[in-house]
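Notes follow the structure.
The first chain written gets the first letter, and so on, giving A, B and C; residue counts start at 1 in each chain.
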Amino acid sequence: MSEFLDVFRRPDFIPLLVTHIELSVVALLLGVLIALPVALAVNRSPTLSAIAINIGNIGRAVPSLALLALAFPLLGFGFATSLVALTALAIPPILINASTGLRQVSPQVMDAAKGMGLSGAQILGRIQVPIAAPIIFAGIRTSAVQVVASATLATFVGGGALGQLIVLGFQRNQPAIQIAGALAVAVLAIITELLFGFLERAFTPKGLRVARKRRGK
Amino acid sequence: MIEFRGVSKTYPGSARPVVKDLSFEVLDGEICVLVGPSGCGKTTSMRMINRLIEPSSGEILIDGEPNTAMSGTKLRRKIGYAIQQIGLFPHRSIADNIATVPQLLDWDKARIKGRVDELLELVGLDPGVYRDRYPAELSGGQQQRVGVARALAADPPIMLMDEPFGAVDPINRSRLQDEFLRIQEEIRKTIVFVTHDIDEAIKMGDRIAILKEGGVLAQYDTPEEILTNPTSDFVTSFVGADRILKRLSLTRVSEMELEPANGSGEGLPTLSDRLTVRDALSALMGAGVGRGVVEGEGGRRLLTMEAIEGLTRGARA
Amino acid sequence: MPSPGEPAKAGDTLGLLQDLQPKLLDWGWIGENFGDEILPALIGHVYLSFVSVGIALVISLPTGVLVSRYRKAYPPVTFFTGILFSIPSLALFAFLVTVPGIGIGPTAVIIALVAYSLLVLIRNVVAGMDSVPEETKDAARGMGLTARQILFGVELPLALPVIVAGVRIATVTIIGIATIGAYIRGGGLGELIFLGISRNFPTRVIVGAVLATLLAVIADLLLLALERYLRPWARTRRA
């Protein structure tokens, strides 16, 4: 047991944890900054939206290890390689959900908004985005959980992060290190899942929550 | 006043126009109902007024000015808009829904709040109860009321209403229609009202525009005229074989010229003069007698089958 | 390590490509090792994925049907499977191999892949059962069908497209995660990737990654086609 706890006192534990969080946060942010504007830009055109959603669907099918592995021959070992791959991984779920969410706003609501004289930008900002917010956040949540999980794999391409502990445990045949690393990663992922679940609820406008509860009855 | 001048609309990629050379005027303070079978272009015609759809040719004047004189969004903020599916914004409270256009027009908060409460009362919803609720918490009929209140929010002189009572059951629809007519007595808006239901058109319209397939205006007249003198076979069949009875429902017994009953009313059924002539006729037939006594402000008067037939004489030609 | 080709002249694209090609993609190696290394890895990968989805379905179908009936069990089931789903695969593998009786190898990988499929599959079984209109079930009852006949004759067939949609998501997810299983000797295409990285031989990495991606995309499209095929009513409505 003490052997197990010692893992968390290792001098490299905190730096690895910090790298893991850094990689995940930056990749997720970049993913949001790329995917959201694209989704907003294509939202007026059904064709472009469909293209964005299809690209997202194919992107989602790309295995995360494959992404990291493909980035490696091109960019070499290191943090940047992992970051690029993780960002690419973060984009599809956000792109899919944001594009679908914005287009899911009922045509009657869109018609009423236009008929009352809201401009295109006002319809997008005041009507579509708030109504699509829960769906967009669900996409960000999926991305976040995936990025945190896949950051574990960054160790294979020299990106560091907590996966390094797991690999170290395997290499030295020290299950304590392996399990402690796995536990740290799992806890981080579950915290991410719960945190974003909370954010998703917080960003759901009250009227929509009421509507959902009613429908549930 | 809204004036259609030779307005046509053909959608791109379609050979046949949906609206063809439409010309008519909607007078200030009147309800003009656009009615016709599906595919007659009634909704398209209405949506061209606030430029949700642009005509292919012709123009629409509002108070003498072409509606293209200002931007579409600015124009729409001056025209109330209520639709069948209501389209309430699900993420906004009832108050915020109603306040949509006043907010766009930068009214101050106190004025908006006052207006919201005033409108909720006007449509018969207690502001204290409903102000902070969300659309999902309201029944269909209540949502329709909010839709109408929202369209009225910035006190626009013109209202466009596309089957605004279409999504509720017949009993509630009839109640909403009555309430809306009462509200219109107060507000005197210029209203363009779209429906596919001829009975609703007859009840709501000061004037009715009957459109037929291909967006051609078949007849534009008062309900009485349309029921009494339909100008074509299309209109005759569209208003229905019971048009004489419908005509009778437009008149109340109190409006008829009847002889005083004097002593001759013994043993006859007694009717209120608030009834429509159609309902009175039904009552007489139900009683199995050709005559009845009407009671009301004009005293006791005698209603006969002959008097009713006199009302419809013009319509039989 | 393949040797780099002749240095490219400026502006000579062909020369540049010839220069890069041997570094990134050694076609000769692919040809030589297709039968011995690449194909077995691909087959191993398909096997891992199929077996895992199959086992997961056997668990999820009855669980989903039960949970759709006993609604109170649904939140805890999704919470539990949701937690499983959010555990990073490398971490789950690291736990599993230390469990006595499992150890390193395909068994640990299959257990993990099954665990990852449960959330999506159960959720879609429930959603599929929910999508059956109440009127339809009522009509079936009214015609005298037994509960079992309604389940197998009405509810499951109608829920099938939604269930297949879940199978599709689960399969794509699993094909992706199975690559990581190679790290604990599960076999499959991940073996090429890990071996390529450790020997610094990009061709192996690319072959493994591209094949895994293609496999996932093809499985996605095939199951999407199946999903559409199973929804003939949606097709006619669109026509």
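Criterion: contacts are C-beta pairs under 8 Å (C-beta built on N, C-alpha and C of every residue); 3 or more make two chains touch, one makes a residue touch a chain.
The shown structure was predicted, so the numbers you read here are calculated from the model rather than taken from an experiment.
The chain closest to the protein's centre is A, with centres computed as averages of CA atoms.
Centroid analysis (C-alpha atoms only) places B farthest from subunit A. We define each chain's centre as the mean of its Cα atoms; on that basis subunit A and subunit C are separated by 19 Å.
Mean C-alpha positions place subunit B and subunit C at a centre distance of 58 Å.
Distance from the subunit A centre to the subunit B centre is 52 Å, each centre being the mean of its Cα atoms. Residues of subunit A that touch subunit C in their complex: 57-58, 60-67, 69-70, 72-73, 145, 148-150, 152-153, 156-157, 163, 166, 169-170, 175, 178-179, 181-183, 185-186, 189-190, 192-193. Across the interface of their complex, subunit B is touched by residues 106, 108-119, 122, 127, 130-131, 205-208, 210-211, 214-215 of subunit A.
Listed in rising order, the residues of subunit C touching subunit A in the complex are 23-24, 82-83, 86-92, 94-95, 97-98, 172, 175-177, 179-180, 183, 190, 193-194, 196-197, 202, 205-206, 208-210, 212-213, 216-217, 219-220. Contact residues of subunit B toward subunit A in the complex are 50, 52, 72-79, 81, 83, 85-93, 100-101, 104, 134-137, 147, 150-151, 160.
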